[in-house]
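Following this line, the structures themselves.
Heads up, the next two complexes both have chain A, just with different partners, chain B and then chain C.
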Partner chain A sequence: MSAQARKSPYPYWFVLPAGLIFVIFFLVPTVTSFYFSLTYWDPFEARFAGWDNYVQFFSEPYLIQGTVNTLIFAFLTSGLKTALGLLLAVLLTSGMLGQSLLRSIIFFPVLVSTIGVGILFKEMMHPTDGFLNIVLDSIGLSKVGFLTNPSLALFSVALVDVWRGVGLATLIYIAGLATIGQEYYEAARIDGATRWQQFWRVTVPLVRPATTTVIILSLIGGLRLFDLIWAMTGGGPGFSSDVLASVIYKQYQAGFWGLSTAGNVILFLMIAFIVAPLAYWLNRRAIDA
Partner chain B sequence: MTRRQTITGLISMVVAFVLFVVPFLFVLINASKTAQDASQLDFSWPERWVFWENLVTTVQTRDYALLLAYWNSIVITVGAITLLVIFGAMVGYIVQRRPNRVTRIVYIITLSGLMIPPAVVPTIWLLQEINLFKTLHGMIFIQVAYGLGFTVLLYRNFIGTIPRELDEAAIIDGAKPWQVFFRVVLPLLKPVTVTIIVVQSITIFNDFTHPLYYLPGRDNITVQLTLYNFQSQFVSQMNLLFMNIMLITIPPLLVFIFFNRQIVAGMTSGAVKG
Partner chain C sequence: MTKHLTTTALGLVFAAGAVSAQELTILIDNAPASIGAFEALTEAYSAQNPGVTFDIEIRPGGGEGDNVIKTRLATGDMADIFSYNSGSLFQALRPSRTLVPINDIPNITNINDSFLQTVTDGDGNYYGVPYEAAMGGGILYHIPTYEELGLEVPQTWDEFMANNATIAEQSDKAPVIQTYGDTWTSQLLVLADYFNVQSQEPDFAADYTANEAKFATTPAAQSGFGRLQEVYEAGHLNEDFGAASFNDGMRMVANGEGVHYPMLTFSLATIQQNYPDRIDDVGFFAQPGDSASANGLTIWLPAATYIPQSSENIEAAKDFLNFMASVEGCEAIVAANGATGPMLVDGCELPDSVPTAVSQMLPYFTEEGRTAPALEFLSPVKGPALEQLTVEVGSGIRDAQSAAELYDQDVAKQARQLGLEGW
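Let's look at the complex of A and B:
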C-alpha cells in the first residue's frame, strides 16, 4: 500500500495546503464550539456550565423568539423564492420581447452589497418620509410602519430578501428549464393538454432538480441570514425581528460568549436536521419521478 | 415574435423597471442632491446637482477611510482568491483523479463547509491564540476556508471533463506529479477558474459579516463596513449615505457587465444535475 501510494501520480499531499487552512480555520472552531457551548465563557475564562446555555436559550422569551423567527424567515423566503423563481423563469423563457435584458435586471441585485440593499430599503421604508410611504400616501392609502411595527418588521425584511434573491432562483430555474426537451411539450399538446396542464404535468416534474437546488440553497441562506436583518432592523423593534444569527452577534457583543456559541450550535443543528433530510427526500423523489 | 409576446414583454419591462431599476435610480438621484434636498427621501429631481462635491466629501470622510477600505478589501480579495484557486484546484484534482475512500471523505468534509454555519466566537478565540485576530492575513485564511467548498465542487466537476490520457502522456514522458498538475492540467482549467474568480471575488468583496467579527478596528475597515460605520455620521446627510452605497455598488456592476456569462455559469453549477 505505502509503496503504491508513493508511486501514485496523484499524491495525497496535494490536499494538504487547503486541508490545513480548512482544518485550522473551519473545522477546529466548529468542533470546539460543542464544548464551548457548554461553558460560561467570556473574554477572560471558560467555566463548565453543563446545559445551562441551552436551558437559557429555550426559556428566555426573546431567545425563543429569535429561534422561531429564524424558521419563519427561512421557510417564508425559501417558499417565495421557489414559487416566484419558477414563474419568472417560465416567463423569461417564453420568447417574449426583451427577455435577456429582463434576466439581467432581475439578477443584478444578487450581486449588490447586502448592506447597501439593506440601508437603501431601510430609508425607502421610513415610517413617515420613506419613498414607499410617500407612494402609498399619494394613492390614498395610509402609511405603513414597515420596520417600526413589531408584527411587520420581520416580514418587511423577508420581502427585501426575496427581492434581492429571486434573481438567483430564476437563473437556476432557467438553466433547469433548458434541459427539458421540446418533445415532451409536443406530446402533451398532441394529447390535448392545456398550457396550465403542461405547466403542472410537464414543467414542474421535469424541473425538479432545479427546484431541489433552489429550495436547499435558499433555506440554508435564510437560516443563516445576518447582514440584511442587521442593516435594516438590528433585530428590532424590541426583539421582534431577531433571528439566531443576530442573537449570536448580540450575545457575543455583550460578552456572553458561551451563550453566543450555544446559539451557533443550535443553528448548526437546525440546518443539519432540516436541510439534510429535506435534501435527501427531494433527491429521492427526483429519482422516482 | 407574436403580438402577445411583444405585449407581455412590454408589460414585464415596465414592472421590472419599477421594481428593480427604480431603487437604483433612487440611489443615484439622492447621491446627487444637497443634504437638505436629500433629507426629503423623495424621488424629485435634484434642485442642484452636487454629484462631484458629494463624491469628494464621501471619499474624504474620516481621513479617507473609504480609500483605506478599498485597499483592505482588495488585498483580502486578491489574497484569498489566489490561494483558493491554486489550493482548491489541487484538492479538486486529487479528489477527481483518485477516487477512493480517503478522497471521498475529504470531498464530503469540504462540501460540508457549504452548509455548516461557521462557529464565530470559537473562531475569534482561535485567531487570538495564533495571533491572527484583527489581521488582514488572518481574514484571508478565513475567506479561503469558507470559500473552499464552492471552489473544490466546481474544480472537481470540471476536471472530470479533462481526459486522463493527457496526464498519462505527461507521466510517461517522465513528468513529476506536480509538473503534471501545474504544467498540463492547471492551464486547461482556465474557463472554470475565471468563473471561480468572478463569483468568489464578488462574494468576498461583498462580505460584511465576517470582517465585522474577525477584523474590527479603524485601520482594518473594509468596503462593506464603511457604509455601516458611516450610518450614524451620515444621519443628517442622506446624500452622502447614498453616494457611499453607489460607490460600493460600482465594482460588482462592472464585474457583472464584463463577466455576465461566467457568473451565470458559476451560479447555476450543480442546478441541472441536482
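Let's look at the complex of A and C:
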C-alpha cells in the first residue's frame, strides 16, 4: 500500500504547527548551511569563499584515512551488531533459564551515557594500569596498547561500540522473532528440517524486516559516530582513529567554521548516498520475501 | 489581567535589581591557578568595595573553551569580565568589534609593555590585564637524580641526549617523560625550540607569516620535530607515554619516576598543589639547542582578562581591572598561587623564597638576549593539527620530515581563515 493512495482524513492546516517547527529548526538551517559552506565565517562575519572550503576539505591529508576509518567502523559495527543481535535474540527467546534477567543485562549498556561508557573503557584499556591489561598480565600474556597502538585503536573503539549497541539490535530482533508464527517451525520440523536448517530457512528470511531496521540504524549510527571515539581516543593516536565526524569537529574547534560546514555537507551527502540505495534494496528484498 | 500584573511586578523587581546592581559576573577557565587568582582578587576587591559582589563562572579550557567564548561574545551573552589567551587566539576574537579598550584605566602604565603588545588591536587600543606570571617553555628535571648520577645541566642538545643515555644506563627511571593522553603536552619539544630557531633564523616569524618560510624547508625550524623523533627512537620515554596524562607527568617528575619533562612553567603550580614537599626537587632549564653559545629560553605570555562591549557594568568592570593591574591586586594573586615566574605588573615583587625551578628560570629574563617569545606571539599563523602531528612523531608513527610538511599544509587553513596576504 503506497502512501499517496490513501487520502488523509485530516485537513492540511493540521500539519501547520509541526510544519513550522520543521521549517524553522530543520529546513532553514540545512539550506543556510549550504550557503555558509561557501564562506569563511566566524561568529562576527562571513566572507564569500566560493568552492575554496570544498577544495580544502578534499585536500586534507587526514581525509582519506578518516573516510576509510569511517567506512571500516560503520560496516564492522553494523555487521557485528546485526549478527550478534540475531544470535542473542534467538538465544533469549528460546525459553532458557534466567532469560529476562539476561535480556536486561544485555540491554543495560544502551541506557548508559556514551561518554560514560567511553571514559570507563578508556580507563580499562590503559596500556599499563588498565583492568584489561592487568588481567592479561596476570595470566601471563603481554600487555596490549588497545588505544595507544595506532593499528588497534579504531578496532578497540568499534568493539566497545558493539558492546554498547548490541542490546538495541537484540531488542529489535526479539520483537521481530515474536512475529514469526510457530506453525512455520512445526511445518519445517515435520519436513525433517534440522535446527540449523530451521534457523537459516525460516528464522532468517522471516525476520528480514527487523534485519533491515537493525542494519540501517546501526549503519547510520556508525557513519556519524563521534562521541564514543572522542571520549576514548580523540581520534588518536595521531590521526589513526579519526573518522569524518571527528575531523569535522576538530576543524570547527580550530575556528574553521566554513570548512567544517563544508565537511558536514559532504558527510550528509555521503550518508544519503550510502543509506538511500541500501534502504531501497533492503526494503524491496523484504517485500519480495 | 492577572498575568499582566505579574509580569509588571517582575519587571519592577528586575529594574530595582539593576539600579543597585553591584554584582559583577566573571567567566574564567577551570585551571586551579585561575580559580585561585580570581578568588583572591575578588576577595581583596570586595574588602575595599563592600558594595560589589562577584559571581564567578567556570568554563572548560582548550578548544571547548574557545567555542564557549566565541559563541557567548557573538550572541552578546558574555559575562562582565572574562579571561582568555593573549596573542594569536586573542586576535581571533575581533577585539575592536567585541571588546572594550582599557587605555583609560590609570594603572595601565603598570602593565609590562611586551605583554600589552599581545592584547592590542594594532590601532593603539589595549584590551587585557594579565593575572598570571610569564611562562617559560623548557625542561623540568628531577634534581635528586641529577645529583645522584653526577649530571650537569646541559647547554646543548647533544649534552642533553648524553644525560639521557646515562640515566637510561644507570637507573631504571624514564629519561624523558611524555604524556600523550593529553595531546597538547606533545608539542613542547617543537614549540619550546623556538629560541633556537630564532637564534639561527632571526626573520623566521615574519617570513613564515608571509608564506615565505616553511617548517619543512628551514632546517632550524624542522629540528624541533627531529628532537622529538630522536627521544622516541632512543627509547628514552616512559612506558605509558601513549596514555599518560599531564597530571601523571607532573607526578613522575616530582617523584623522580622520570627525570626530564618538557613542559611550560605554569605547571609548577600543579606541583605546589599536589606535591608541596617535592617542589624543590624539581628544577628547570631552557630547551638546549645546537650551540652552547646561543642558549636561551622560549617564553609564553599569559592569558588576560577582558571586558566585552555587551557588558552592562563596563565602568565597574574597568575599576576591577584597574585593581588587577595594581601592585596590591598582583600581590594578592602571588599570595594565593605562589610564584611561578616573573609577574607582568611593575612593582609586583616575588617573595624572597621562590621554588627552585622559578629561581632557575628568572636569570633568563634578567639577562639580555636570553629569551624569545614563542612563535604564536610573533605570528598569527598556528595550525590546529600540531598536537596530533607531534603525537605521531613522538610515538614513531611518522617521521619528522613528513610531520613538518603536513604541518606546513595545516597552517594554510588558519592563514586563509584570517585572510592573510600571500596565502
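The criterion applied here is as follows: the second predicted complex is superposed on the first by the 268 of 289 C-alpha atoms of A that agree within 3 Å, B and C clash if a C-alpha of one lies under 4 Å from a C-alpha of the other, contacts with A are read in each partner's own complex, and residues count from 1 in each chain.
One rule holds for everything that comes next: a contact is a pair of C-beta atoms (placed from the backbone, for glycine too) under 8 Å apart; a residue touches a chain by one contact, two chains touch by 3 or more.
Note that the structure is predicted; figures quoted are calculated from it, not measured.
In the superposition on chain A, A:226 makes contact with chain B only, while chain C stays out of contact range. Once the two complexes are laid over each other on the shared chain, residue contacts for A:126 go to chain B and to chain C alike.
Residue contacts after overlaying the shared chain place A:254 against chain C, while chain B stays out of touching range. When the two complexes are superposed, the chain touching more residues of chain A, out of chain B and chain C, is B. Residue contacts after overlaying the shared chain place A:240 against chain C, while chain B stays out of touching range. Once the two complexes are overlaid on the shared chain, A:56 sits against chain C while remaining clear of chain B. When the shared chain is aligned, no partner comes close enough to touch A:194: not chain B, not chain C.
In the superposition on chain A, contact of A:145 is made with chain C only, not with chain B.
On chain A, the surface patch touched by chain B in one complex and by chain C in the other comprises residues 126, 129, 252.
Residues 40, 42-45, 47, 52, 56, 59, 61-62, 126-129, 145, 147-150, 234-240, 250-256, 258-259 of chain A are the ones that touch chain C when the two sit in their complex. Only residues 1, 5-6, 8-10, 12-13, 16-17, 19-21, 23, 26-27, 39-43, 83, 86-88, 90-91, 93-95, 97-98, 102-103, 106, 109-110, 113-126, 130, 141-142, 144-146, 148, 152, 167, 171, 177, 180-181, 202, 206, 208-209, 212-213, 223-224, 227-228, 231, 238, 241-242, 245, 248-249, 252-253, 255-256, 260, 263-264, 267-268, 270-274 of chain B touch chain A when the two sit together in their complex. In the complex of the two chains, the chain C residues touching chain A come out as 63-64, 66-67, 70-71, 73-75, 92, 94, 97-98, 180, 183, 239-240, 242-243, 384-385, 388-389, 391-392, 395, 397-398, 406, 409, 413-414, 416-417, 419.
Residues of chain A that touch chain B in their complex: 8-12, 14-15, 17-19, 21-22, 24-30, 32-33, 36, 41, 91, 94-99, 101-102, 104-116, 119-121, 123-124, 126, 129-131, 134, 163, 168, 171-172, 174-176, 178-179, 208-210, 212-214, 220, 223-224, 226-227, 230-231, 245, 248-249, 252, 257, 260-261, 264-265, 267-268, 271-272, 275-276, 283, 286.
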